[in-house]
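Contents: one structure, followed by commentary.
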Amino acid sequence: MLLENLRKEVLSAALQLIRYGLVTLTGGNVSGRDEQTGYIAITPSGMDYEKLNPADIVIIDGAGNTVDGKWKASVDTKDHLYIYRQRPDIQGIIHTHSPYACSFAMLHREIPCCSTTLANEVGGSVPVARYTPVAEAAIGPAVMEVLGDKNACLLANHGVIAVGHSVRHALVAAVMLEDGAKVYHLASLKGEPVQLPPEEIEKARNVFLYTYGQSS
Amino acid sequence: MLLENLRKEVLSAALQLIRYGLVTLTGGNVSGRDEQTGYIAITPSGMDYEKLNPADIVIIDGAGNTVDGKWKASVDTKDHLYIYRQRPDIQGIIHTHSPYACSFAMLHREIPCCSTTLANEVGGSVPVARYTPVAEAAIGPAVMEVLGDKNACLLANHGVIAVGHSVRHALVAAVMLEDGAKVYHLASLKGEPVQLPPEEIEKARNVFLYTYGQSS
Amino acid sequence: MLLENLRKEVLSAALQLIRYGLVTLTGGNVSGRDEQTGYIAITPSGMDYEKLNPADIVIIDGAGNTVDGKWKASVDTKDHLYIYRQRPDIQGIIHTHSPYACSFAMLHREIPCCSTTLANEVGGSVPVARYTPVAEAAIGPAVMEVLGDKNACLLANHGVIAVGHSVRHALVAAVMLEDGAKVYHLASLKGEPVQLPPEEIEKARNVFLYTYGQSS
Amino acid sequence: MLLENLRKEVLSAALQLIRYGLVTLTGGNVSGRDEQTGYIAITPSGMDYEKLNPADIVIIDGAGNTVDGKWKASVDTKDHLYIYRQRPDIQGIIHTHSPYACSFAMLHREIPCCSTTLANEVGGSVPVARYTPVAEAAIGPAVMEVLGDKNACLLANHGVIAVGHSVRHALVAAVMLEDGAKVYHLASLKGEPVQLPPEEIEKARNVFLYTYGQSS
């Protein structure tokens, strides 16, 4: 099967989104880019992740043409393609409707960085991309306006985009963003959360990128 | 088995209600109408969904007489029948006690449309039907007073009714309503959620009805 | 095995408490009384419900002597016995630490009846028993001071006691109390929940006792 | 396999952290000390607990040298070692990012003891250790400044450390701390939670240590 491992990685991440409550039913979407061919593996539109096999993941080229797969690709495919074109370093993109993160997106309010979780895995405070309609290829450009070197941003009145140098890396950012958003939400109802100083955010970020895990 | 597929679809939706926490134990009910015969498949009263087989789903005619099945139909059967009679376009009805949505129902307060989720899948803000006692066939009429072209409404001090052109469509509305209610709740504790303009709601609605998924 | 069915019913209810998040790890306890013998089946102290077999449920007589079983009975056994002695109509008792209900218990504040859920299955507003130390047989008397004809009450700074004419009935009360407590909590953060008039509570109560389910 | 039972206990506790939502993905860490050898079994850095076998748990000596195991030990290993050196009575240490507890850590605010849950299993109010960067071996000393005879403390802007005379005991403290933190959070949004008097905390603490469960 063409790009079988990448397809499996995309499907596995989609299943984790369901498990962690970042999407419900057929919501959200996941893609990964193969660095060799430049092809992108992306979830099909409006299908239950739990009923999918790796072969149901659609393979498209950088222009959005289907290379392999029998289903229509995600309704947000053009936004994924836009981000991949702008950022050669990004190989995984995940879109969710994570509830705590979305509550900030509904207020058009960024999430300040008050926890090592956000510092480590998202790279600091979480910015908000301006509102754009869905399915009009306008999300990608709005994301690029605010993303900078972060691993995630909010979409006003809509959801979340998380990115990474792999599908797994984008998944970690998506899960940890929701974790961090929940804790910040809970704290902010009781008082004024204490922000981390920029140098501590930087330090925590580097731990995650260079010390944590088995690969370094 | 009479209307086996419809019975399976009703049972499968009931199991999703449990999974997504929209009902607990034997709460809520689900029905679907067969367009050919006009018969309705509905969950039995007060039974654990997880112990049911498709044959346990009761088949009734439009007057509420049992056509097939050994159990007593849902205590809210007359309300389902009322809605089906008024709305030939509706083929699926789901009643839940979704906690975030119910918290608005307890305040007799509609949920404003501040997210693409509510716009896409419920059709905008969520109205509240006036309080009526349970098991007196008064819920159906109260729902019809406020439903309009939406896919769901709240029942004051009680719960949620979601509808659709299929059981699956009603399920999507029920799940996404709770999602949208939760995000709106969380946001409203921290500030004033930004409402979507009517033209954006319309656009988002059309994406879900005509672009999203594999069928179009 | 002595009272095998009752033991199974007690264990099954204990597993549901875990599932619905009403207790964690080995918290809470469940008992049922056999009307013929007057014996009581009760969960053992501090053991994982998921590792138990029906034989691990302890059988005691009305004085608390072990009739069958190899484990020490629940630390709250004397409180169960007290309630059974006072109330011949009660055959099932469940103690939980349900988080939303406990948040009212921590404020020594009753939960008003603003939903058909509480009216149907708990019988109206939920009273609070005064604080008493654990493991001193003082909980039972405190519960009887406030329970009246309700199916549940809160224990100040501690938890919940739910009762019923069967273990299943007590389980329904425990699960629905937490449901109702959660919805009331969420609503009360946003405004003033609308209370149900006493005659509507009475009506809803009767539906649950006489119309709902398959047995009547 | 060297210290097979201890490794199993560590892995089993790590899986419970995932189940109860105290960590997500590869977050947190768990260790246990073998009293005979003084060796410590600890989770590897950044690996999915659900994919681990007992052999994947790393065995280190008191100086942090790997005795058995092929993976890099947790990024917080030095902090575990520091605590074990200071406290010969502690044989289990667990680090989590439990969301409700973390919301207090983000405010640098201790959790008052208003429930038998916190009194029984954590030993009273929950103190906050000052902020320290991760992966610099500074967490251990900060914890020891505030822990006293409690079974858990918060880490400012970061997480939770729970300890016990066994891995299981530390797990109970971690789970019950989050339970207690959630209830206190919910109550504090609605009013002023009623604190338990010190003598009641002491009494409740002793029940858990000496009366509860099967071992005494």
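A, B, C and D label the chains in the order they appear, each numbered from 1.
Just so it is clear, a residue touches a chain if its C-beta (ideal position, glycine included) is under 8 Å from a C-beta of that chain, and two chains touch if they have at least 3 such contacts.
Keep in mind it's a predicted model, so treat the numbers as computed, not measured.
Trainee: Report same or different for the subunit A and subunit D interface, where same means the shared residue numbers exceed half of all residue numbers found there.
Mentor: different
Trainee: Where the centres are mean C-alpha positions, what is the separation of subunit B from subunit C, in Å?
Mentor: About 30 Å separates the centre of subunit B from that of subunit C.
Trainee: Counting only Cα atoms for the centres, state how far subunit B is from subunit D in Å.
Mentor: Using C-alpha averages as centres, the distance is 43 Å.
Trainee: Counting only residues that touch at least two other chains, what does the list for subunit D look like?
Mentor: Where subunit D meets two or more other chains at a single residue, that happens at 189.
Trainee: What topology does the chain touch graph have (line, ring, star, complete, other)?
Mentor: It is a ring, because the chains touch in a row that closes back on itself.
Trainee: Got a list of which chains touch which?
Mentor: Pairs satisfying the touch definition: A-B, A-D, B-C, C-D.
Trainee: So in the complex, which bits of subunit A are touching subunit D?
Mentor: It is residues 20, 114-117, 120, 171-172, 175-176, 179, 182-187, 189-194, 196, 200, 203-204, 207, 211-214 of subunit A that touch subunit D.
Trainee: Residue numbers of subunit A touching subunit B in their complex, please.
Mentor: 24-27, 44-47, 71-72, 75, 97, 99-100, 102-104, 106-109, 131, 133-135, 156-159, 185, 188-189
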